[in-house]
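Next come two complexes, and both contain chain A; in the first it sits with chain B, in the second with chain C.
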Partner chain A sequence: MTRWSVAFGAIASREVLRFVHQRERFLAALVRPLVWLLVFAAGFRAALGLAITPPYQTYIPYETYILPGLCGMILLFNGMQSSLSLVYDRETGSMRLLLTAPLPRGFLLFAKLCGATFIGILQVYAFLGIAAAFGVDAPAWGYLAVLPALVLAGLMLGALGLALSSFIKQLENFAGVMNFVIFPMFFLSSALYPLWKMAESSRLLHDICLANPFTHAVELIRFALYLQWNGWALLWTGLATVAFMALALWGYDPARGLVRRKG
Partner chain B sequence: MKSAPLIALLLLAAPAGADEIWVTNEKDDTISVIDIATLEVVRTIPTGERPRGITFSHDYSVVYICASDSDAVQVMDPVTGEILHDLPSGEDPEQFVLHPDNRHLYIANEDDAITTVVDVETRSVVAQIDVGIEPEGMAVSPDGKIAITTSETTNMAHWIDTETRQLFANTLVDSRPRHAEFVKDGTELWVSSEIGGTITIFDVATQTEKAKIAFEVPNMHPDRVQPVGFEFTNGDTHAFVALGPSNHVAVVNAETYEVEDLILVGRRVWHMAFNADRSLLFTTNGVSGDVTVVDVARREALKSIKVGRFPWGAAFRPAQ
Partner chain C sequence: MSLSVQELSFSYGAKRALDAVSFEAAPGRFTALLGPNGAGKSTLFSLLTGLFVAPLGRIVVAGHDMASAPRAALAAMGVVFQQPTLDLDLSVRQNLRYFAALHGLSARVADARIDAALDRLDMRERAGEKARALNGGHRRRTELARALLHEPRVLLLDEPTVGLDAAARAAITVHVHDLAAGGLTVLWATHLTDEVLPDDDLILLHRGKIEAAGRAGDLHGAMPLKDWFLTRTGEPA
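Coming up: the complex of A and B.
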């Protein structure tokens, strides 16, 4: 068992160390959602407050609405960043070292995923703290209740990042991920606007948003933050996590996956 | 037989009727009764046409309702919801106030530019006092000596001596005064002006303007910031002011006259009522057809409760 825990600790702590050593990454991770919260949302403050949607029980300003969406955004970018580091590892050769460790590859990837999720959650809590200082807050117990939702959402988005990293052969291709994964996933979700608002302009866009697992991750965070249960979002996020993880395992399988082509 | 004491105990333990907020729905011709314990509508009672002002007698045995389009003040039994009788009110009664003697209602007749004084016991009009055009807001001082009518078009607060039933002063306020309240043991009078966007505070002894409070809501055009109804917390330390179509309630420090907070509520917030200990505030939101419950200490909206169409007035009724 020690072998496993040593490997887990080494991989996860390497992930954390990498993050700690990149202070500007931490800063960037916080600045991005804060710009949305304090600049973008300020301009749209009066845009909402027209209807009450669960889990909210009354009218809310726009800042309050996008808070869970921005938590999701942090996890999304973090997941992608972690996949970027894998591509980097592959280019520098340290991935070979990692993948040749005498342990199941799934476990190695899972350790990496846990490390990345932990960092993502740290960033989310730092962001929630700053947002609360600016008066955008949630019920006190919500900050604890949201933790499992953040873990699951972080794992899902991290697994997506892992799966993607198995497809990306070079660091330069990562810009494509921004265009084809992060942006559509973020904008075609309930992070910035409620789905009923989307349905008003286009039914098709609404349906796409509804199928987007990121929407469900955001809703899971939103409901948990307000101490409410959303079984459907939990199921959808859970299924997506399993699916992305399976895809990542397949992608990194030396016998069948895409890594072989590279190697 | 052994179960008899148990049943008696259960009956004793059964919850008594809860405190309630009564809300008039202008377009539905109904009253929605909200249970304060559960924050749910527990009864909907039909009324005359276009119910607006609502107030309970001091012993809560009857409730008076301004049924504006029925040209009547209706007297209802709050237990059965039955209309007992109508009071002669003059045309288009909009708001009224019950004198501390629990016997005289001072009613603003919007279309007739008069204030009607009705004796609720003899059910007769005792006096009609000419005031400015479109009277609306009504207040009476705690000692019962002064009644105030505000007139929407003349833009004045009219001061009525309740003994002689004559005007003894008229004071200008900003455009379209809506609501008036005496505070601090009747030493101050507050009058809200909907179009002017202000509250004017008068020194009652001299009937002179003491202060004026202006309101602004970030990202909201000033035209939409329209103070209407307002109520005071315990000790008259703070006023909660409904700001109409800006969909916010302002919290005003009644000592410094500064706006301290803004709370987002439903659309076109109009009037409001407190619960018994003034820890919760219930605002009527006309356009969104709901009542927002505000936690007074934390200055946060807790919940919005759907009521009828265009809720207007609100009144508190303690558990019976």
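Coming up: the complex of A and C.
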């Protein structure tokens, strides 16, 4: 093994180890989407009739519609959670330890991002398993086909968290991230309602949803879960991943001074 | 020289934190960087460890220029930060392994060095305990052992005795003096004069500038170091 792969393995597995130590976090990560799936969706099932729209080939119950959106929600929360842990790392000093390792900073951050994405994907599969046990399922091969989509969506949302963490000065500001990033990103997307439904009520909101990279991450997951290709969603999610990663690298640029604000 | 700093300047916006700082630290010497709070010690350490980059000046670590070869410079450097950097939820061994891997040491090499380091600290039997279970002194010693795992030529310590009781402070100060005597280049930042011995090299940093540099005993002469420090900085040590 080269020194790069040794370091990559250590950084990524530390993220996983940290997650394993936080059982409550795993529980919370599962309870949140399950409440949406089993309570919220049950209530809205009667109110929302969903016409046939790709990738679905038949009328579908609302639970089936929001399943991919809730996978996206898990990855979104996971991305923000890892952002929170990065801010915490910076305050405790373990970020200094990481950034003084003799490897390129972009590589160190990417390794951390991969660890966080892996954790997110584990949570998604646990959620999909429980959902299937409750009868909300997808084609069998879809569970495999969705993996690359989950990896890309996880990287995109993790990179967003990474970028945000470089701009959040203190842990206390994290509530602002919830209000100004997670909620708008989730609600202004196709996670809970199809975009054509949104267009019926407001053209502007529809356009905002369409520009939201989270919409495309959810659509990428949705199509992959039903074994269909969505090149546009793939392109948009990929571009957003690159943009967020570039923003994160800029945020952590030593010439800008990551810890400068902390002295 | 193992560590050479030339004409290093740095500002936080309009506030000058370091002003044309130049000094050298030699192998086998304990070089104390003494300065009151706010003198610029932590800024200097952030620059030395590449956490941020100085627009002016030059840092050379074991022959590697921090600007053109930062990774080689970092590989030659061991650092004990002022803030605790152990992951309290990981065991002592896991903490050490994580660091060794960051420096590219294979598990086999790392484990052998970790065992040796823990034996030196009489902590082998505590390797499996979580870092949270260690007292402040042991945590610091673990961090010091960790900083030496990749066998650096230069050891940087930023106020490493902060928060320790008198016995732990004395023990770690003696230990690092021994390391310097063994050939390591040591730069030890502090505001506590009793950590500096008369034979140490001393750099006095005040308001971002080097006020004095030389052998400690030569600088303060017959006057106690504490009093000399007070007269030079006008602040209590």
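General remarks:
We take it that the second predicted complex is superposed on the first by the 251 of 263 C-alpha atoms of A that agree within 3 Å, B and C clash if a C-alpha of one lies under 4 Å from a C-alpha of the other, contacts with A are read in each partner's own complex, and residues count from 1 in each chain.
Here, a residue touches a chain if its C-beta (ideal position, glycine included) is under 8 Å from a C-beta of that chain, and two chains touch if they have at least 3 such contacts.
Quick caveat, the model's predicted, so the values are computed rather than measured.
Contact with chain B, but none with chain C, is seen for A:Y59 once the two complexes are overlaid on the shared chain. Of the two partner chains, neither chain B nor chain C is touched by A:R203.
Between chain B and chain C, C contacts the larger number of chain A residues.
Contacts of A:P104 after superposition: chain C is touched, whereas chain B is not reached.
By the touch criterion given at the top, residues 1-4, 6-7, 9-11, 14, 17-18, 21, 92-94, 96-104, 254-260, 263 of chain A touch chain C in their complex. On the side of chain B, the complex with chain A involves touching residues 218-220, 247, 264-267, 288, 292-293, 301-304.
Of all residues in chain C, those touching chain A in their complex are 12, 42-43, 46, 49-53, 55, 71-72, 74-75, 77, 79, 81-87, 89-90, 94, 97-99, 101-107. Against chain B, the residues of chain A that register as touching in their complex are 42-43, 45-46, 49-50, 52, 57-61.
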